[in-house]
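Shared between the two complexes below is subunit A, which pairs with subunit B and subunit C, respectively.
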Partner chain A sequence: MAYSDKVIDHYENPRNVGSLGKDEDDVGTGLVGAPACGDVMKLQIRVKDGVISDAKFKTFGCGSAIASSSLATEMIKGMTLDQAASIRNTEIVQELNLPPVKIHCSVLAEDAIKAAVDDYKKKQAARDAQA
Partner chain B sequence: MQPETMIPASAPDPFAMLGLPPRFDLDTASIEARFRERSRELHPDRFIGAPAAERAQAMVRARALNDAYQVVRRPQRRAEALLVRAGLAIGDHERLDPAFLNEILELREELAEARVAARTDDVTRLQATMQVRQRTIEHGLAPLFAAGDPASLAHAKRDLITLRYVMRYLEECGAALDEHE
Partner chain C sequence: MATTVTAAPSSTATRLVAVPAGVTLPIFMDNHSTTPVDPRVLEAMLPYFTQHFGNAASRNHSFGWAAEAAVDNARAQVAALIGGDAKEIVFTSGATEAINLAIKGAVSYYKKQGNHVVTVETEHKATLDTCKRLQRDGIEVTVLRPGSDGLVTPQQVADAVTDKTVVVSIMLANNEIGVIQPLAEIVAAVKTKNGKTLVHSDIVQAAGKIPVDVEALKLDLASLSAHKMYGPKGIGALWVRRKPRIRIDPLIDGGGHERGMRSGTLPVPLIVGFGKAAEVAAADLATEGPRMLALRERLHRGINARLVETYVNGSLEHRLPGNLNISFAFVEGESLLMALKDVAVSSGSACTSASLEPSYVLRALGVGEELAHTSIRFGLGRFNTEAEVDYTIDLVATSVERLRELSPLWEMHQDGIDIKSIQWTPH
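== the complex of A and B ==
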């Protein structure tokens, strides 16, 4: 199966690979997996004044899964939490020109963004409750 | 490429295709005997004088029979086929335990680092650990399917999801070792 140029670009030069401190207050971590292929994807956000100031990912999976998460981190930087959480996997499919068998990779990236936003919100709620 | 563990929902029941009972504890010899028997019925030699449509149909059935055999003869795929029958097919979007995912992520990182640094000993060690896990899961499947109650089947499903990650991990170990042979 041929990968699109954009997938190959993100796969060969992934953006924002790495980790943020998962215990830091302003960091949200999303960890998701696709049992069908044994892939695992971690996506993290740093939030300042309600806006995503930084995003990092680590994905162990196929080229499409890596490209989807790489693109996702690029998309969400500068977004508010609600904007990021409303990103649809179809936007990733279109941007990367993913074939039908790889659509689940984009779903995984969408889930990872939502999980990271949820994690951040939970942390904030816990902190507010303490204050 | 589709992972080979994927069983399309529309595929005919592999146990029925082979005329075997849908159980986990089937022995290799009887599976193979059944497959040979059914294969003979569909052998192209038997259809030499037959109309083209009939010959083509026999070929399609022979291929489907072979697919069924590939599922039933492998314990992991046989177990997954039993889950499909029980309405517990492993989907693309299973909720996975975050602690488990974290563990897999860390193990994958460790393997990736060992691979890049060509530390073959470390790769072999990680591989051995995962092989133990593979065997533990595989040995646990027979009693779970023998019990067959909903709790046991749900347990089997969790183990089979883990097994997919374990097998994927072992593939990566194999690839890493091939590089440095």
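== the complex of A and C ==
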């Protein structure tokens, strides 16, 4: 199967690879997928004044899964939490020219963003409750 | 939509690892899928396209005689490779047809004797789908599960055989993991249980790679393909025992070619190529076998010297010399294939398929799905060199290291987190 140039670019030069401190207050972590399905994405955000100031990812998956999560981290930097949570997988499909068999990769990236935002919000709610 | 885009680093056009002298990219290391036609084979074939183009069934002129003589010669060459007789070779369009003909043809001919077929979960789809078709038509099918080494035991097969079993179909060497079944012992156990049961073997991957003797194995039927042994695509053969005579109903009716078992004008150039490929393979077997094994061991050792957490799938001891099927834990197979684009190999990961299910062969062995997704099949062949193997080792190790740095599972493993302890969300 041939990959689009954009998938190859993200695969060969993935953006924002790495990890943020999972236990830090201003970090939200999303971990989605399953090893048995051949796809696991970890996407993390750092939030400052309601805006995503940094994003990192690590992905176990095919080239399209790696590219989808790499692109997702690029897209959400500078966004508010609500903006990030409203990103649809179709935007990723379009940007990367993903074929139909790879659409699930973009869905997983969308899920990963949402999971990271949820995790951050839960953390804040827990902290607010304690305060 | 407001999107902040990080500046992408300039494309790394430079290769990850240096290409040694004498290595031309891309390297073909997927010799279980197919093989290139050996130049000696092509040379033998060429005159039969334009010069000796006669129909081998034309009995009344020299064009036909020349074609017939060439076919007879090829028949003897193919038979000699597997210890059979020239009269026992039925040419087909390939192994898929030969397997269909063997199993369906025998079940049809011997329907009064029974209605049961036995095979194994790790067989090629040509066998499994043929059995499924028969099952839909009312034949009982038993599909045996191999052990974690990929092997079935003679006892296990014999236990599945009943007084109604017409055919047992078990491959000699597997196309994904290369494991070699104890076929002689299996045949003996089957015949002890039911002397009338026929044993067919898909010997596609074994023929020309390891010594095969259908007489010593006491087989009844065996399927072969030319393009897996440096011959042309589009030609295969079914070996059908004559003493005692095994009968099969044809799948294709027509002019009564191939003693009525497979009608259709013989593709003489392909048959000549098949024969030459068999002759070359037989002549080189004693030297090529050990050379393949040395290359395989070099590849395996080289990979293990650089990487931890690699797992060979299937028995390493009972295996084709040119096969290495290995899982690189925490690295998804298709992403690794992408990194290995200069080396043609294949993966047990089914990320490309809609089902998202990894190799059914690895699953039958009980390989965990998370490991099955990380498997790569290396298929070494006649034209691979030590320098190519060394380049491959370097490329694989560098790529796996890079992809592990990208892998959240590798990170968890490094942090001592058991991946099985996590509540995953299957999708």
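Here is the rule we go by: the second predicted complex is superposed on the first by the 127 of 131 C-alpha atoms of A that agree within 3 Å, B and C clash if a C-alpha of one lies under 4 Å from a C-alpha of the other, contacts with A are read in each partner's own complex, and residues count from 1 in each chain.
Heads up, the rule we're going with is that contacts are C-beta pairs under 8 Å (C-beta built on N, C-alpha and C of every residue); 3 or more make two chains touch, one makes a residue touch a chain.
Just so it is clear, the model here is predicted, and its values are computed rather than measured.
Engineer: Can A:60 be said to touch subunit B (first), subunit C (second), both, or neither?
Structural biologist: Once the two structures are laid over each other on A, A:60 reaches both partners.
Engineer: Once chain A of both complexes is superposed, is A:101 in touch with subunit B (first), subunit C (second), both, or neither?
Structural biologist: both
Engineer: May I ask you to decide whether A:36 touches subunit B, subunit C, both, or neither, giving the answer as first, second, both or neither?
Structural biologist: both
Engineer: Kindly classify A:85 by the partners it touches after superposition: subunit B alone (first), subunit C alone (second), both, or neither?
Structural biologist: Once the two structures are laid over each other on A, A:85 reaches no partner at all.
Engineer: Name the residues of subunit A shared by its contacts with subunit B and its contacts with subunit C.
Structural biologist: 1, 31-40, 42, 58, 60, 101, 104, 107, 111
Engineer: Going by the contact rule at the top, pick out the subunit A residues touching subunit C in the complex.
Structural biologist: 1, 3, 8-9, 11-17, 19, 31-42, 58-63, 65-66, 73-75, 77-79, 83, 91, 101, 104, 107-108, 111
Engineer: For the complex, give me every residue of subunit B touching subunit A.
Structural biologist: So the residues of subunit B touching subunit A come out as 1-3, 5-6, 90-94, 96, 98, 101-102, 104-105, 108-109, 112, 161, 164-165, 167-169.
Engineer: Once bound in the complex, which stretches of subunit C touch subunit A?
Structural biologist: Touching subunit A from subunit C are residues 1-6, 8-9, 11-12, 330-335, 338, 349-354, 356, 358, 368-370, 373, 405-411, 419, 422, 424-427.
Engineer: Using the touch definition from the top, list the residues of subunit A that touch subunit B in their complex.
Structural biologist: Going by the criterion above, the answer is residues 1, 31-40, 42, 58, 60, 101, 104, 107, 111.
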